[in-house]
């Protein structure tokens, strides 16, 4: 890399979701759809072909009445760093046409709809089911096309799409900064649509590499272990697979933290 | 009517019978073609695939036909590289089968992708880290090789052979066929392997993920090995079926037995490797991700542990035992059972490595996914079968596929 | 010279070679893939200059500030307004999808006149002039016949200039029949009126409380001003406050609460009194408040006081038996509640769509009184409605005066229910009963900002009543169920196209007025309902015309708001920051000038009754609310429908929540079809096993089963209002039904 | 059967001897080569000359715009009309409103200006300009990053548009719907100047040269 141009420090954008605060209201899902021109169709009750970049899962602790408990887990794309956090996310390394890549400047996993030819290998590779295929042509009836945002290109049938951490907002923030003669942007200048909308304030977004940022303070990622959280209440989904996601969850409930990964029965230690 | 095109010294059924057969299979073919166009013009919503089943019956069919077509490269390898000369009497048949299998695989891939007109991106914008890229390159190259190998057969047709240019071309091609066979074997080693790698590299899917050597997971080697082992079974099965239909012996028993014996030993060694792989995976790889073997097999009845038993014991150990013993090979029933089990076994393995990978939940709060294909998917999967039958019918009728046919079935004049 | 096949072959080979060496195949390959990247049927959003407009979301009474992002003239995104006193940047799922209502296919684009049969869906477009003159003609004739009182209106709200304009119109025209959609606000207003002698709204200060005791109020399920409650809940968590949720079903609120106490449904009042028993017995109540500012706590000559009542009648054994809540649980809960610094007890089930039993509200409010958190920070305060509508006095002519003397059709304000303003739950029954006598038929009904044909319990009866009204006019901007059953639709602008004030969002602790303003210019040939009312008045001339001095609704609004107008246009909200709830000395306007325990109708601690007998209907069906299912005047836009879980709605089937144990006893398992019947109706449902619901109870969500709107919402699932019916509160007349008895059998 | 007969004919003709075949080949091979060349040349002509003509439709701009006059009349060069908004976004082709600032009424006698004033300004109708450099919807391009931060000249990508006295013909690709300027005038895709093509490779080439890295997907895609 040309050193003169590497004037921005490498960033690693990540998200922390406080599951104690999350109410499962679904505002993040809709904020995301509205922001990113996500299509909708007549019947969306089959969740296996319903495009929701951000999906809120409902978990139960499996106990019977009245000891039952529920928890909601919002699941955007986890923007995995892959084994060793080198950017070989499960999906990026398998894409045959380089339609998705890992941006080492931001840690964000992209998806280029016009490059994708729809082989769906990335979907098979993603353990979080964060990738969605456009089985249908998107249709916005009546005047609904009017509400489409020009900042995100609508996807055509036959390609895969997923959460981009609202990358266009990063671009816009940079453009604003450039217009003011700045190279760097502030923490609050780049926030994803779901973070901004969450009425419970459960989502925090920022640069995990920056100790000044809220996300860093909340989970205290351990650089020696690919960003594994040092905060004992924080966890990442499927930590054991070494996908090294950049989405962290916080819960004060033990059963919720345990529901974030697979354990063999009677396996007591949380993570080796 | 078409006797001028029929190889000399052999007898073929009347044209009307042949035409009738073609028409019947052709109807099935047209059904498949109709479904294919539906998928192209209306999109993949015509299938029952979904976001959990991005890979489904088509990818299975792809992997399966390529494994079954593995007879071509392995027989070629045995004949030209190892020097098992007797196999020249069955190699044409394996080449036709290989050609059918590989062209089918490419066709299915062209239907399977969401944007067929962008299919060439896989070459132009290739990501060298992707197993699928490796598959695409090797598959296309080997398909080209198979076409070159198939070409001399066409040129050997009585009429084309009369054209000196073609005659010479055919002759020259035969001379260099060893080079192509070697290239084919080399390419096949890679793409059979990379097809295995497709599932094996998925470190986000503990059911599929295998540790490996160099850049390849173990499934890479297992797939090559199993294709080489089971591919000949399919070639033998097809030969057997043609023999049954034509009511003629077409290949001498010693040739059949030689191939069967090699196949048997290959299966035997493969199954040992497979058992070791399964054991290591169940004991080390999967538990490190928080799964026990039974977690993968206890979600629903369709994917019970029986599937593993069927694959390894019934479709692995059993055919291996039959084919490596002379008694087994000589017993017609046992032999047929063995090659059928072999074909089922390798198809089942590919099924598991595609569909069960999708079915097993990874997130603890997700549940098992089940999937059944839509008629469009079935039709497009049957399409290559129909196409294959037609191509075999034509090839058998007009081309000297079985060099020993004349000798084994002298025409009484 | 002989041109043979080989020559042609050669020509072909040459052509192929030539083409390969030309750009044609390569460029075509590239271009065809670019074509797929730019299919003409995949829309390309137009780019342009970005601007932001702030406004107020009026899709629910929450009053959230919104910021709409526009590209050129298109509105492309709604976001929460940062720094807004209600929602401070947060926004709910419905507000976020507001643009789908603006641009969606469910809009009524011009005035429509029915041509087919009622509800058939055949309409003809007519001009505004013609539509208004047609209505005016009808109204004129009724007045001529001396029947002005047979004109009525159902309004979504009673507050704000638009409802007040309609009410004013009806009054000067001569009809007392102005009704509004009921909610728990009615019960809260009555409770405050009876106990504190004030005419005020209940301000709920959850943000500053440290112990919230909720009797089924879904503070994160859309109760109160939803976004504000979400934020309050988060604030409570961050400050270490506690939330205890009392209800028979593990709602989201219950799941997120620090403690969930399942209770036999309908026995919330008893539990409140049981807690009062503990507080009184252990003398944990607020001494100063009880001694100096409350009346009726101690016995008076001839009357037993509240203290004696809870001590004698509300023993824990008895209460425990009624409520199913353990004695020790009650004791600890009461102690914790009373010992908290700023405890608050709230009531109104779910989102508070059904007003509920007055008894229950009073009992819960008594807890607030016992801990002395009335008009205090972190407690409940009486907040007066902002007083800004001061229009010239009406001049009534003889016909109007006579009409206004008629008793209302819904019986509100009658001798039986003197304190209640509107009783829409009694309206349908009253129309259908056909008892004339004192009563009279309804000839013309206006419906504004409401969809009673969907939202009122027992939709069948409501629709039947509509069938008996010869002329129904809907002002809905959307083709909702009521509009579908109307004779004339005079579509309003949507809230993103119009000016409209919304005073006093629910539960705020200060007097507030919000203003929504046009974010985009009206897309279709629609008209602000206020302008239609003014035009109607002008067409009717005389005193009616004189009562409407404004040339347009906007001038009316501007004049009415006076000095607040500029603030509202700028900020979208006006807050009376000087307001503090009056101190106890001046807070109570009861005869005793104290908090009135006597007003509590506390002699009844039995469960609130519901319809149906236990033998034929062994189960109890409860409706529940979810923020992902808009269940009021507005239905779910497509984005919101998309978030509905597949264990709530799958395809067109609704799921009923049932405890696995109950399901087993009915022989049902997950995903089974079952027939659900109640005294009001029968429907097919699917079974969803849920451990978090009390055995014997089944639950269905509100908000599904629409028959109108667009294909994204219509004909999906079941409207729970088809299966339940209202139960009248004996004191207030309001609907107290929290469920209905039901039966499930295998389909 | 005729085919059979033909086959037989051929059989006797060709089958007799290789020698024969060779001799006959001399006369016909000339034809074979001739036909090959005819096929080759014809398809080359089709591919290189006819095809590009067919591929693009030619459209005239609604108003023939003279950049030279405008550049002379303004103070801040291109940015006088093609300016940056406060949020850093680029305004692109000016809206009618902006043109009207100067052209409320015709300032001269240029028939184009008169047409503009009569047909657009008077009727308050936006001019449907055809944009030569319009990129596909999937492309994100930040003018501010290139012009303000990297201090690039407009002409580097757009060419010397400011020196043009007439609007050139807009050639629209019939298949993709894009302007020919994206692929470049040269059908074979070769370019001499930086502004000859605007394909992704051209962006990547420059990025690689200037920053040492082609950049990630999202840098230029949305």
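All chains are identified by letter, namely A, B, C and D, in their written order; residue positions are counted from 1 within each chain.
One rule holds in what follows: a contact is a pair of C-beta atoms (placed from the backbone, for glycine too) under 8 Å apart; a residue touches a chain by one contact, two chains touch by 3 or more.
All figures in this text were calculated on a predicted structure; none of them were measured in a lab.
For subunit D, the chain whose average C-alpha position is most distant is C. Ranking B-C and A-C by contacting C-beta pairs places A-C first. Of all the chains shown, the one with its CA centroid nearest the global CA centroid is A.
Distance from the subunit B centre to the subunit C centre is 63 Å, each centre being the mean of its Cα atoms. In this assembly, the C-alpha centroid of subunit A lies 33 Å from the C-alpha centroid of subunit C. Once the centre of each chain is set as its mean CA position, subunit A and subunit D turn out to be 38 Å apart.
Subunit D has its Cα centroid 57 Å from the Cα centroid of subunit C. Among all residues of subunit D, those that touch two or more other chains are 87, 89, 136-138. Under the contact definition stated at the top, the residues of subunit B that touch 2 or more other chains are 115, 118, 121. Shared contact sites, meaning residues of subunit A that touch two or more other chains, fall at 46, 98-99, 113-115, 137, 153-154, 156-158. On subunit A, the positions that touch subunit C within their shared complex are 20-21, 23-27, 29-31, 33-35, 37, 40, 42-47, 50, 52, 56, 58, 60, 62-66, 68-72, 113-114, 137-138, 140-150, 153-158, 193, 196-202. For subunit C in complex with subunit B, the residues that touch the partner chain are 29, 32-33, 35-37. Every residue of subunit B that touches subunit C in the complex is listed here, in rising order: 115, 117-118, 120-121. Those residues of subunit B that touch subunit A in the complex are listed here as 43-45, 49-55, 112-116, 118-119, 121-122, 125-127, 129-133, 136, 198, 201-206, 287-292, 295, 357-358, 362-366, 369. On subunit D, the positions that touch subunit A within their shared complex are 84, 86-89, 136-138, 140, 142, 144-145, 148-149, 210-213, 216-219, 221-222.
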